[in-house]
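Each of the next two complexes has chain A plus one other chain: chain B in the first, chain C in the second.
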Partner chain A sequence: MSRRRVLSIVCAAIYAFLLAPIVVVIIASFNSGAFLTFPPQGLSLRWYSTFLHNEVFIQAFMTSIRIAAVATGVSGVIGSMAALFTARAQPAVANSVRMAMIAPMLLPEVLTAIGLLFYFYALGIGLHHSVALIAGHILLTLPFVYINVSTALRGFDWSWEQAARSLGASPLTAFRRVTLPIIRPGLINGCLFAFIVSFDAFSTSFLLKDIGVATLPLQLFDYLRLNFTPEAAAVSSFTVFATVLVMLLAERLSGSQRRRP
Partner chain B sequence: MAGGAACIGLAPRAASASAGSLIMTTYGGSWETFWRQTIAPRFVQRTGAHVTLDVGFGRTFSANLRAAGPGRSDYSILMMNENFVEPLIRGRYFEPLDLSLLSNYKDLYPAAQSHNGYSLIGMISPIGIGYRTDLVKKPPTSWRDLWTNPEFRGRIGLYNLQNSVGKATVMLAGRLYGKGPTDMDGAFAALRRLGPILQTDFNMSTMMGTGEIIVAPYDFGEIARLRNQGLPVACVAPKEGMMMWDQSFTICAGAPSRQLAYRYLNFLLDPEIQLLLARRFFVSPVNRKVVLPPDLHDAVPITGSQIGRILPADWAWTDRNAVELDARWSDAFE
Partner chain C sequence: MSRRLLLMLPAALVLIFLIVLPYANIIVISFRPLSPDGAYGQGFTAANYVTVLTSAHYWRQIWTTIWIGLVTTALALLLGFPVAWDLARNRGRSQALRRAIALSPLLVGIVVRSYGWTILLGNNGVINRLARALGLTQSIIPLMYNRFGVIVALTHVFLPFMILPIMGVLQELDPALEQAGRSLGASPRTAFRRIVLPLCLPGVQSGCVMVFILTISAYVTPMLLGGMRVKTMPMTVVSTLIDAFRWPLGAAQALVLSLCGGLILIAFMRLTPMRWNR
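Showing the complex of A and B:
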């Protein structure tokens, strides 16, 4: 057997091992029985129907989507601007900004969340109006946009933008027509990661959620503390399907950009 | 359903402005559903108040109280297990209960009455020994059977220290085989003798369902639910007494809706609401005026004088020794 073939088999085995828990959850979600068990006691869409009629879960899903969308949007703007700045700044300044931008990724999520919890109470804002929750999600997602856009900017020749300016384009037009198309794949990938990270964030949401607000991971956690039906697996599987769908869409979007001459 | 995990505007605006607003806390899943569909609407009907439902548990609420500081919380009343309450009392996060505002207090069983002046128990889930009737030949009658019945060896489930019952299990082992509930040496020596166990922080029922475990400390209500789902299980009240999950209620210091919080607590202690809770969650009513209908006798067997058979727990002791308990538990079951 060739080395290449052995390597492929090893890689496939590693992927299978890593993906096995997700496959187990998906199969368990089709369980017709009353318990969250594997293998399932029969196949049914019963728990998907229960989930889709459970307004509490649907509302939590929509809350997660809303918070992830806001966090991704804000991170997309700030992260891109920071990446453009560091690409052009003096090395000493750029390094400081770079460290600040990726710091939330280096710190444990729960520490950032605890810090924000006390910070927002000290400011007198507390957890009202989901300000702390959204700020936490922005911090959490910012490094993903920043790193991806920075990577897209590597090797970018700034003389292209200068050429556009010398031909009469305004700074905004030069950015829109020259820079943005080049960083777009990085921006889309960064935003995709940001959205998924925000959607799945637990510790940040757990500590910073406003009273009466619950994201899907929190709702699922609260549910699983006292209820052990396959509905939890159906909810998890639904989010896996949604995540895969978002990834495919983003890949198509960024892929088409990459292919564009 | 009124919708979602967020606010439920169940009162007209004009009414809520005069009657005030209250944040009700509850747990997730079926608890949230019941609060949303039954408890909150009935309270709104009685008071005209505006209610916001907040889902979480002791750890979430403790973190919020500590971040806000004593007397600065948005919450007025909290429901959590008593092991979370003890450290917060010391931090002055709660006010001493004004029992004159709780007309139902005089009807509570002694086990539910306030022993610290700050909290009272609104719901009791007694914990006995749950077992698989199809897989156990000799049903348990005593906690000591976990140690002595050879068919349980390697098939015992225990709640770990994340759960208050895990801490109560340490105290139980101290009572059974040590000098008393706070004898850590005696307790952990005994727990080590149990041999291999399967531990969980909350979900015992999946392991019981698959037969990975055949015996465990179990609340009678959960056993009733499993039985209704077709699992062959039973629960016994051991002769030495039972443990319990309590739902303790406290009024926050500087509560923004203090009067409404007391009205809500009194409402929960009302025989009518206690019966509703017993029917939905199979919890033992804490109000002695509640008369359980015959169809609930099997699911809620621990009532009346039986409530007195619940062993007291020293949560101040578990709080003071939390770090050592964690270390010793890990050492005993690594």
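Showing the complex of A and C:
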């Protein structure tokens, strides 16, 4: 057997390993029986309907969406600003800024969350009004926006913006008509990734949630410790489908923007 | 110039107020005394560190955590390298699909992925049922609630963090370099070892560092797959903080673990180039 053939067989096995747990969850979600059994005892959407009628899960889902939207919005703005700064900074400055901006991703999530927990208590805010929770999610999402916008800015020529200025555009117009279209694909991708990361985050939410607040991953984790019905699989699969849908939509969105002259 | 600095201001404030100060505060809290009627008392003491450092119980857990981290990192490298190579070099029609599969774990929540593994590895899970149906075994193969299950699931959960940086360096690597080595008489194996490996070392290093950090601080996966029978340090830290409400001790536990992890990373970064640049 040739080397190439061996490599492709090995890789196929690894791809199967990567997909296996996700596929299994999706199959389990269509189970019509009351317990998680394999192979499923017949197909049905029963557990999806149970999930959609379960107030607890729906509420958690809405909380997750809300937190992710706020965190992504904030990170989207300040991450892009930092990326714009880095692109024009001296190489030495740019390097240290880059390291600092990626730091939240490299630091252990649990440790950062513990830090925020102590800190917000010391400030007297505690975990009320989800301020600490949102702060934690901003840290989680910031590097993703920053990295993606920075990548989009690679090769950007600042004389383009100056050209627009010299033709009479205000700084804001020059930014909106020249710079923004160029960073848009990176910004969309970055925000999308940020949103998904926030939506799926566990440790940060676990340590920083206010009493009575639960995001979907927290609710799912709680449920899994006591229950074994396929409802958890339906909830999980629902999030997988939603993610894929959003990804496809964004692919369309950022693709069509790029083609526009 | 000053207007340009304004662009950096919000991000700088976030980093200072939400990273630098909270981390400094963890260190401060770890030196506070325990208090019976609050999260911590006033004054300073090293007692929490003494408790952690002199306890065989904690050292066993730190060792378990680091051992799981090292094995997971090695496994992720073993599985991640071929995939990174395949994605960087093999530009078939299926490249987009393969890429999506390789990164798919990133887009699915960690709770969902760990849950998928419990369905696969459980005592009545897919693999055990299959083995019994095929007559391979009559008894239950213990795949979960032990280190094996935790390591398998952790490897899966963090594999993309190994694949991405290695793929990055391999894409930059010109295949002509390897061919040059081959044309000068090197065997494919020698060309790989002497040319490809040293050049993709930065990617391998950052992949290993990321996976190791993520693994030793993982909480959900060991919790769901280990079912309290595999005790890792992050689980202890969380229960000290949340259940026992003993913040200074939890902070000291977390910092001792981070310090041990950091020392291992430093040793790793020192040793790797020496081995390959010989």
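FYI, the second predicted complex is superposed on the first by the 246 of 261 C-alpha atoms of A that agree within 3 Å, B and C clash if a C-alpha of one lies under 4 Å from a C-alpha of the other, contacts with A are read in each partner's own complex, and residues count from 1 in each chain.
We adopt the following convention: contacts are C-beta pairs under 8 Å (C-beta built on N, C-alpha and C of every residue); 3 or more make two chains touch, one makes a residue touch a chain.
Just so it is clear, the structure is predicted and the values come from calculations on it, not from any experiment.
When the two complexes are overlaid on chain A, chain B and chain C occupy overlapping space and clash. Of the two partner chains placed by the overlay, neither chain B nor chain C lies in contact with A:Leu248. Within the superposed three-chain arrangement, the count of touched residues of chain A is higher for C, of the candidates chain B and chain C.
Touch criterion not met for A:Leu43: it reaches neither chain B nor chain C. Contacts of A:Ala163 after superposition on the shared chain: neither chain B nor chain C is touched. In the superposed model, A:Val213 makes contact with chain B only, not with chain C. Look at A:Val24: by the touch rule set out above, it reaches chain C but stays clear of chain B. Of the two partner chains placed by superposition, only chain C is touched by A:Ile14; chain B is not. In the superposed model, A:Glu55 makes contact with chain B only, not with chain C.
Shared-chain residue A:Ile138: touches chain C; no touch with chain B.
In the superposition on chain A, contact of A:Phe118 is made with both chain B and chain C.
Common to the chain B-facing and chain C-facing surfaces of chain A are residues 36-37, 114, 117-118, 121, 206-207, 221, 224. Listing the residues of chain A that touch chain B in their complex gives 34-37, 55-56, 58-60, 62-63, 114, 117-118, 121, 126-128, 206-207, 211-214, 218-219, 221-228. Chain B contributes residues 1, 3-7, 23, 27-33, 36, 52-57, 60, 63-64, 67-69, 72, 74-75, 202-203, 205-206, 209-210, 229-231 to its touches with chain A in the complex.
Taken in their complex, chain C has these residues touching chain A: 4-5, 7-8, 10-11, 14-15, 18-19, 21-23, 25-26, 29, 39, 79, 82-83, 85-86, 90, 98, 101-102, 104-113, 115-120, 124-126, 129, 153, 156, 159, 188, 209-210, 213-214, 216-217, 219-220, 224, 234, 237-238, 241-242, 247, 250-251, 254, 258. Against chain C, the residues of chain A that register as touching in their complex are 3, 7-8, 10-11, 14-15, 17-22, 24-25, 28, 36-38, 77-79, 81-82, 84-85, 88, 97, 100-101, 103-104, 106-112, 114-119, 121-122, 135, 138-139, 142, 146, 196, 199-200, 202-203, 206-207, 216-217, 220-221, 224, 232-233, 236, 239-240, 243-244, 247.
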